[in-house]
Each structure stands twice: as C-alpha cells, then as structure tokens.
Amino acid sequence: MSVATADTTSAADGPRGRKPRRTLSRRNIILYGTLFVVAVYYLLPLYVMVVTSLKGMPEIRLGHIFAPPVEITFQPWVKAWAEACTGLNCDGLSRGFWNSVRITVPSVILSIAIASVNGYALANWRFKGAEVFFTILIVGAFIPYQVMLYPIVIILREIGLYGTLTGLVLVHSIFGMPILTLLFRNYFASLPEELFKAARVDGAGFWGIYLRIMLPMSLPIFVVAVIIQITGIWNDFLFGVVYTKPDLYPMTVQLNNIVNSVQGVKEYNVNMAATLLTGLVPLLVYFVSGKLFVRGIAAGAVKG
Amino acid sequence: MRSQSERPNPLFRNLNAKIASIPMVLTALVVFVGGTAWTVLYSFTNSKLLPRWKFVGLDQYERLWSTPRWLVSIENLFIYGALSLVFSFVIGFLLAAMLDRKIRFEDTFRTIFLYPFALSFIVTGLVWQWLLNPDFGVQHVVRSLGWESFTFNPLYDRELVIYGILIAALWQGTGLIMCLMLAGLRSIDEDIWKAARVDGIPVWKTYLFIVIPMLRPVFVTTLVIIASAIVKVYDLVVAQTGGGPGHASEVPAKYVYDYMFLGQNLGQGFAASTMMLLSVVIVIVPWAYLEFGRRGRR
Amino acid sequence: MNLTVPSSASVSVQGLSLDFGAVSVLKSLNLDIADGEFVVLLGPSGCGKSTLLNCIAGLLDISDGRIFIKGKNVTWQEPAERGIGMVFQSYALYPQMTVEKNLSFGLRVAGTPKDEIARRIARAAEILQIEPLLQRKPAALSGGQRQRVAIGRALVRDVDVFLFDEPLSNLDAKLRSELRVEIKLLHRKLKNTMIYVTHDQIEAMTLADRIAVMRGGVIQQFDAPPVIYNRPVNRFVAGFLGSPGMNFLEGRLEDGKGGWHFAADGISIPLSTYGFERNPVAGSAAFGIRPEHVALNSGEDWPFSMTATVEVVEPMGSDTLVWLLVAGQKFSVRVGAERAPAAGETVTIGFDPMRASLFDGEAGKRI
C-alpha cells in the first residue's frame, strides 16, 4: 500500500492545479513603475497650476512651485475672473468667458447642423460632383489656415461681418466642416443602406428621412461631434484674434493678454488661476465624456 | 398607347441634396480653392497695408529668404518638427504598447496621458512658461535642494528656447499619438500574439518584427497628422515665449500673422504662407498618392 | 417604335440598361410579368438580380429603357409613387420606432387619415399574426418576427406589386423553410404580383410561377420551374440549378451509322431518344445528365449502359451520391441509401438520353 502511494506521488509530482500568480514579477514592477512615473509627469503641470493658484504672492516668492499651499486663498481666482487686466481693460476673464460661450454655442450648433446634413447627402444621395467637392474639403483640412486667413478677412468685410461674433461663428463653421462632414459621412454610410431604401419606398423625402430616420439613430455620433467642436472652438486662438475685435476676444485670447501683458508686477497665482479657468471647460468635457472623447479625437485628429 | 412620363432635368434630380450641399460647395470652392489661389497669386505682388494687384514677380520670396527672422523660423520649424516627430512616435508607441499589455487601471492611465490634449495650446504654453520659470520653476526647485549650479532655463536661452517649446508640445500631444497607436495595436489579431507565444518568440521581438511592420498604415496616418500639426504650430509659441528671446523662437505661422496683421506687409505674409502651403504639399501629396494607390488596388 | 404595353402585364421592363461608369450592370433587359404572378429572379451573386429589383423599385436611376407598372410608365417616378412595397434582406426596420410605427410610417408620410391607418395595421397584423408585437421595438423581436413586420410594412401600403430582396437569407435553415411556406400562402391569399430575388434555388423552385435565371446582367432563361430544371437553355442554367449538380461529359457530337450519337473517350451514347432543340451539327459538345436520372445496378434495359468502378461514396442521409469515372471524367449517380455500393466496387450504370441535355462546345447553348 505504502509503496503504491509513493509511486503515485512521484508520477503526479509535476505542476497541478492553479498556477501561482506572481503579481510582483520583475516585468510588472518595471511596467507599472514606468507608467506611474510617466503619469506623475503628466499630472505635474495640472498640480502646479492648482497649488499656485491657491497661494498668495508672498508664499510663491518664498517657496517653490511644487510645495502645497500653506494658507489656501481663493483671492487669485476672484481676481482672475473679475479684475485681472489685459492691456486694454481690467474686468478679468469673465468677459472672455462669456464671449467664448457666445462664440462656441452657435458655432457648435451651426457647424454640426451643416456638416450632418452634408454628410447625410454625401452618404445617401450621391449626386454627380459631390465626391469632388468632398475631396477638396478633406484636402482643405490639411492646408495651413494661414493661406486662407486674409481672403476670409476680405469675404467677411464684404458681407459686413468682419470683427463680429457672427463672422467668427461662420469661420468656425467653415473650418469645422471637413472633419465633421467626414465624421458624419462615414457614420451615415455605416448605417444599413436598406434602411434608407425602405424609407424611400415608404415615400419619405430628403428632409423626411434625415429628420425622422437618420437623426434618431445618430445620437452617439452627434455627441462625438459636439465634443470635438466644443473643445476645438473653445481652445481656438488664431481665429479669435484675427476675426474679432478686442472687446469680443474669446477666453484664450483674453487669457494670453492677461498673462503676457507687460504692465505691472507679474501675479503668478492670478495667472495660474486664469489659466485653469480657461482650461476648465474642455477639461470638464473631457472627464465627463470619457471614451467618447477618445472616439472623437481619433476622428478629430485630422484637424491637427 | 403610351403614357411616357417626361425624363426630368438631371439638374433637378435630388434637388434637396444639392441645396443642402451648397455650404460645402461654397466652402470648398470659394474658401479653400479660391482663398488659397488668391493668396498664392497675391504673393507675387507688393501689397502692403491693403492687397494691391501690382505684379513684382518673385520679389517677396527673395526678400523672405533674405530675412533673418524667416530663416530662424524655418530652422526652428525643422528642429522642432524633426524632434517632435521622433519623440511623439517613440513616446506615443511605448505608452501605447505598455497600455496594451493587459494592465490594470488602463483607463486611468489613458485618461491621465490624454488629458493635456483637451487643453488649448495657450493654456499649455502658459503652464510650461511657469514651470520653466528660472526664478520659481524647475531650476529653482533643484537649486533649493542643494545643487546650486544647476541650470535649466530654456525659455530665456536663445539656443535652447525651441526645446522648451518642444517639451510643452510633447506633453500636450503625445496622448493623442498614444491613442492612435493603441487603436492600431488593438486592431491586430489576437491570434498573432498566440502564435508568437506558441513559437516562443520573446515579446520585444514580436513587437519589432511582427507588430510594428503590421502597423505601417497607422504610422503613415499618424505621420501625416503630426506633420500637418507641426507646420501649423502658432498659439503655443505666442503663449509660451511670444517668439522670444529676441526672435529666437519664431515659427513660420507666427511670421505670417505678424506680417499680415501687425506689420502691414501683406505681400510678405502671403509669400510666407505660400511657403507653408508648399511644405504641407510636400508631405501630403506622397501620402495622398499612397492612399489613392491603395484604393485603386482594392 | 411604338411599343405597346401588354394589357395583362403587371410589371413590364423594356430594354432596361444600367451602367455604372464604364461598367454595364444590366444589359437591355426585357421582362413581362403577368398580374398576380410570382416571379423569382435567380442567379449567383453579382448577376444583377438585386440591381434589377432596385431599378423596378425606383431606388436606382436606370441608364436606358422603360419600366411599366400596371400599364403606367413609372420610369422616372419616385419609389413611393410606383405602387410597390419592398421587403429587404436585413429587414430594414426603423430601430427607434415600435412595430406599429414601423408599419404606419409610410402611411403617415403620405398623410393617410388616422382611422384608415389603424384599420390597415389591424388587417396586416392579423394576416401576419403579429398583433402581440405591435408595441415592441425591432430590437426585441426575433429574426422571423422581424421579417414578418417587414412584410407587414409592404402589406399596409395596399400596393399592387410586392418586391422581395433576398428576404430569407438572414434566417437559419429551419425558419427559412417555415417562412417560405408562409410567403407562398400569403401570395395565394393576396393574389398580388410578387417579384422575389434569391440565390437559393430551392426557394426559387418552390415559390415561383416563373423563374428568371440571370447571369452577368442578362436574363438567361425565363420560364416555369420544371422547364428550367429539365430543359435548361444553356450550360450555365443547367449547372446552376440542381444540387448535387448536373454531370457534364465533354466530347463530340457525331453522325454515324446508328444515327446521331455522343462520343467521348471510348464510349458512345446513342441519341435516338433525345429531343433536339435544333438541327445537330457534328463537333465538340457537352452531354449533361442529372445524377438522379442515372440508374445504378438496376437490371433494367437502358438505351445506354456501361460498367464503371466506384471511386468515392458520399452518404447524404436520405440518399447517397456515388462518384465514378465515365470516359475518364467525374460522374455522379444518386441512389437510395440502402442500395449504395462500396468504394472500389464495379457497378453498372444506365440512363435514357431523353432526360439529358446537350450543349454545343462553343457557346454552351442547348442543342
């Protein structure tokens, strides 16, 4: 009996059952270690912005940028919002914030409305020449904006919109068109074509199919488009500075003018509070939208 | 007995679709084609404060290429472009490969690496201006730790300023490259990894000899995206250095803006922007050719 | 050229051509479909059968020709004005609408009064037995239920012509045969004209009054199923229908002392019982005969018989396919499972050339 047992043991001596998991393998330490260090590096600027904006100027002069605030003050935020001076006025970022809202909201709506109808026409109602215009549009997305800046100034001046918010909204709609049209065209083309055919047999026309069949099916892609456009338009600087007047400057321009204005003593805490305030809207969009943002940038990347 | 209905005018077929496409057609023809052609044409004039149709041949280009500020801009663009291309590719790919190793907290890491991309170049430039501030930033911190002679002051050093901008740009943009690469890695058939494991090929070799060659299309797309973004770089410089010290961190896009809207020398602006267009064409045309060829083969 | 529309025709296609750029997809097709007829367009993928259906529906703009529905020229009319209903392969149900809204969408677009809509939906739901499903969304339906709703959408519109575009292809084999029977019953009940596209020959054989076999944008043969099966006009039609497929022997048509016969590598098949379509001419030809028309070890006297060695035996359940070499060419015979020989055995085969099809060597046309 005992002999038999010994035999069995020796035969079954090899590995059996669940493989022991080594969570702290060398590979894992290197992998997670690297990722952690990189993550800290990426988070550092955000951290520095936050702590700097919560310190008083004396504390900034004494300490260093990574030190957490000893005495938390919200004064810099208040000042950045309401009192900070650009070269021209001293009513802080609030003016720029509201300008940006007044620019972004109509731009997002108008550009998405145009581009979604465009994409739908391209995907489902192919007509002669449509692809040519679409190709020009996509190639246009890669052309440096600088080449088109001045002709647009002329066009806007001719139609009396140069220096107005409406003009800037128009510009954003134009330059948002390539990427959004591509986004919507690809999405509508991915919907089953038979659905479109069925609606035509049912007698629905161009607008009927768009509004009653396509729109209700396309919520996710509209969300993606809204994300691309809010971040893109809110973060724009070039068009804002070229096509509007100082009292209509969007937040980014206002921010740059506050921080980089040469007058007076530099108030780093106010500057960082202002910078954070300007970044808050896109950051909020980013953290709320999560995976949809990732999907959006994969498409929006073309925008550069 | 015939009840033939009239063949409708082809112009009016799908009329609604055509009406709906008017904004696209106008944008494509008037703004993109028309605007570009207009700028290129007027780059051959001596327009100053206002565009004026007085042909001067290549005068503007000759002046452009003999202006030190433009030459610095071009040099900067090359340094910045080459380095940002290399580093975004390498960092972006390494981060993506690490995230692709079926790790825990992948979403958290990805969120952290990508958030700077949501921020504007203005915000990015200002933060890094503050971080690289010699009196309070990184240099100050290291010195206060006891290393008194430590020098890291790129933004006020003519030779180094472009690298200071590069650091900020990489922080902002590598998350995007990582995401594109990650999407590419995820599109690779899981069976490839299984086959490599069965064959006993080490992970790094699998990446080098199997995965990277398979990612070629993703790399090409990424290359085009990075390249066209490099040429456009403008706001970052404006926010971080304002082109300084002196003209040491000037870039072509800024040159164009300054001459068009501040310097009242439209002709120079047009010529400079035409050069930018040319550089993009050099990058885009081979790519479009490849894309087009690939579609033809399908 | 004043073409008249056949008065009994429900759908008439005249000289219809469709080009995509330089590619000609449909080549001058003519098709007359009688009122109440069930016509199946059959062919391999890419033969243009779905394209033809889409042209009839008005979903594709044709390059040339005319289309009449109920004697009315609808060539340039919108799909909704043609008096057609269409059922799609993917069902194409609007995902955000309930079954009821799906059924009523076309009527609502046309501005039909509410009580009329309700009446028609009730009728369609009753015919198709989908009353309990009316308030569900398509995502909550099974494949078979979805296809019923899709048929219902055509039904409520009270149209003259039903168009089916491979409606059963997305269903599994069992459901497919069930719905096949239902469609046949529906046709008997409604007596509408139906045009049905499929690549499945069983659907075609079971459903159709007439089958139009298509290939390369051309209708090869348009006739009743038994004619198509037994007297195919060319080698393509002969090979496309039937599973397992027809046997073809390559050889020559010769006029000898015993009259016309087919000769191939050591065998000679007398054709005295074969019904020639046209006057035979000596030359290369193909001799086709279906596996079920060949007898194996029957002991009877056939106009042609020979011995051969069994190569492979494929049991298929109800019967067995026996593969042999005849004149050095592959040849199959279908026998009852209980009479299947073993591989290597020598057997006698026999058949009557009356049931065969002869095709000329060049164009593959029936002789």
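For clarity, chains are labelled A, B and C in written order, and residue numbers in each chain start from 1.
As a working rule, contacts are C-beta pairs under 8 Å (C-beta built on N, C-alpha and C of every residue); 3 or more make two chains touch, one makes a residue touch a chain.
By chain, UniProt protein names: A = Carbohydrate ABC transporter permease; B = Sugar ABC transporter permease; C = ABC transporter ATP-binding protein.
Quick caveat: nothing in here was measured; it's all calculated off a predicted structure.
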{"item": "Top-ranked pair of chains - ranking by C-beta pairs in contact", "value": "A-B"}
{"item": "Most distant chain from chain B by Cα centroid", "value": "C"}
{"item": "Euclidean distance of C-alpha centroids - chain A vs chain B, Å", "value": "16"}
{"item": "Between chain C and chain A, distance of the C-alpha-averaged centres to the nearest whole Å", "value": "55"}
{"item": "Residue list for chain B, restricted to those that touch at least two other chains", "value": "13"}
{"item": "Residues of chain A that touch chain C when the two form their complex", "value": "192, 194-195, 197-204, 208, 212-213, 216-217"}
{"item": "Chain A partner contacts - residues on chain B that touch it in the complex", "value": "10, 13-14, 16-18, 20-21, 23-25, 27-36, 38-40, 42, 51, 95, 98-99, 101, 103, 109-123, 126-131, 133, 136-138, 140-141, 144, 171, 175-176, 179-180, 183, 224-225, 228-229, 231-232, 234-235, 238-239, 242, 252-253, 256-257, 260-261, 266, 269-270, 272-274, 276-277, 280, 284, 288"}
{"item": "Interface residues, chain C side, partner chain A - complex", "value": "54, 57-59, 78-81, 84-86, 88-96, 105-106, 109-110, 153, 157, 165"}
{"item": "Contacting residues of chain A [partner chain B, same complex]", "value": "31-32, 34-35, 38-39, 41-46, 48-49, 52, 60-61, 64-66, 114, 117-118, 120-122, 125, 127-128, 130, 133-134, 136-137, 139-140, 142-152, 154-155, 173-174, 177, 181, 205-207, 231, 234-238, 242, 252, 255-256, 259-260, 268, 271-272, 275, 278-279, 282-283, 285-287, 290, 293-294, 297-298, 301-302, 304"}
